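To keep things simple, chains are lettered A, B, C, D, E and F as they appear, and every chain counts its residues starting from 1.
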């Protein structure tokens, strides 16, 4: 199974349990999280790039995966991805590099599926 | 092998090496770590919940596993777990969600073993 | 002016601007944040202690101040405060110490006002 | 003196010493840091917003100040600022709020100087 | 395959793609990163220990692996490794322990290959 | 009052309260913290440099102050300080720069007192 499919399946399965068993606060937060990235004064694409760079500097592989998938759907180009990676790298330092490797692994998979 | 067993075996095996090869400082710190969660002005259960929320916001899967196991032994209910998860989620933000998924995966395993 | 008053005044003044100028997402998040600490399966007191330890390990002085004030209102004793500080210290390490000093400074002010 | 002027003066004075006494690595890193935010596949404005959200979730007041000043020079509107703040808030959680207060304090100063 | 070989192969494969597809900023940062650890006023060995402790407290398993491999090549002894681990443990707290376990796992592999 | 004196006085005053009111765990941790930096397989000087770089990447101004003072007492030269700063800067990224400015401010004060 591809890394993208594996990530998506695990994410969906567990989110389902969380939303089933979680209480009102949990559900409202998940809802807010989704709404944050919708078109507004800034486009959804810009907001997903913001989500991606935040995930890079906080070094969360699953969050990076998620925002790369969203950015890819919204037409972010390879050049735009790498410039976003640079901001993450320069702000967050070499500690970001292992997460950049995972990011690039997912991105390569998406590019090859095109 | 269950995720719980896998975690426990790896943890025990490596802790053994650390305590064998580590020096006095290492051993004393491991000892302090254990003593921190014992009954006192606050119950051991409350302290394990404190350890769990600290692990959630610092986003350490193994630490989350460990404190979920301890909390479960001490009788923390599902409703209490999810309210603790909420504090972690609200304080730590959406970056905590991937770690919440791992937490819930372990918790489900424990609940099903009951 | 006391440290507690200074903190409360600054916090209220700026929160007012944020809630005035912020959009729906901002307001909903602030609302969720308040609701998270209300009585439920866990008491409000336990949840405020969870908020305090999360703030300690994430090393946020203003968040520590806020949760110390809330805990103090809910009757947390000095012994309970110091046991919570210990969890923060052991989980988060010596890097937490400077924040513990600020915590204790605020706590001393509250104790002396009693 | 305004918070903006105070920040700028301190920053310039200390950066001068760092670049005088630092070695090649230090200078090259400072240079790279500046170049990262120049127009490319993404505009300088988008990159400064990326820098701002990264600073918010990493909770660095001085970095937030710096990127707010840069964004403001590049014409970022109040609505765009608050949507960027939301991404920082949702990704990073309530621990970001004290830094959001400092951000809004600086932003208010800039808006009032217009 | 050993953990060391697995890490090295993955790292080399992905770094190659990053340096092929990345732009000037990416390449210059990777270059700076390498130069930072060369002999100077401090020896390369001391700098690799600095890199190791930084990786421990920032809790990045791949970075820890990398610096353990470099330190081992430069003749760092087991006693020196464990004293460095202690600094990481005391500064960073019990949250570092799971990463210490991974560190010790790699170190054991290297020691057994000698 | 100099920044160094201000830091030392505040630190001593509050540590005294913590050690007076804290329990056994608190005291033992403070004790362990002191012992960690004593001469062993690595010299005290190397360990203080490790403490400094850990404080830089974790971005704790007070911890940076403390380790700069200790390093200075142990004869760390300006060139050695700046090479240590570089490791912190490259590992931790531009987010470290504001903390580097505080570090350099303290270091300048120490150098001018010589």
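Everything that follows uses one rule, which is that a residue touches a chain if its C-beta (ideal position, glycine included) is under 8 Å from a C-beta of that chain, and two chains touch if they have at least 3 such contacts.
It should be emphasised that the depicted structure is a prediction, and the values quoted were computed from it without experimental measurement.
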Inset, instruction - Compare the CA centroid of chain D with every other chain's and tell me the farthest one. - result: B
Legend entry - Selected pair, greater C-beta contact count between C-D and C-E: C-D
Inset, instruction - Overlay chain A and chain E by their C-alpha atoms and let me know the rotation angle in degrees, rounded to the nearest 5. - result: 120
Inset, instruction - Can you check how far apart chain A and chain C are, centre to centre, with Cα atoms defining each centre and the answer in Å? - result: 30
Legend entry - Centre-of-Cα separation between chain F and chain A, whole angstrom: 36
Legend entry - Geometric centre distance via CA averages, chain E-chain B, whole Å: 26
Legend entry - Residues of chain F touching at least two other chains: 23, 25, 29, 32-33, 36, 40, 54-55, 57-58, 63, 79, 82-83, 86, 89-92, 94-95
Inset, instruction - Specify the contact topology among the chains shown, as one of line, ring, star, complete or other. - result: complete
Legend entry - chain E to chain A touching residues, read off their complex: 10-11, 14-15, 17-18, 21-23, 25-26, 29-30, 33, 54-55, 58, 60-63
Legend entry - Contact footprint of chain A on chain D as seen in their complex: 32-33, 36-37, 40-42, 46-47, 49-51, 53-58, 63, 77, 79-80, 82-84, 86-88, 90-92
Legend entry - chain D contact footprint on chain E (complex, rising order): 23-25, 28-29, 32, 35-36, 40
Legend entry - List of chain D residues in touch with chain B within their complex: 57, 89-96
Inset, instruction - Please name which positions on chain E make contact with chain B in the complex. - result: 59, 78-79, 82-83, 85-86, 89-90, 94-95, 97-98, 100-101, 104-105, 108
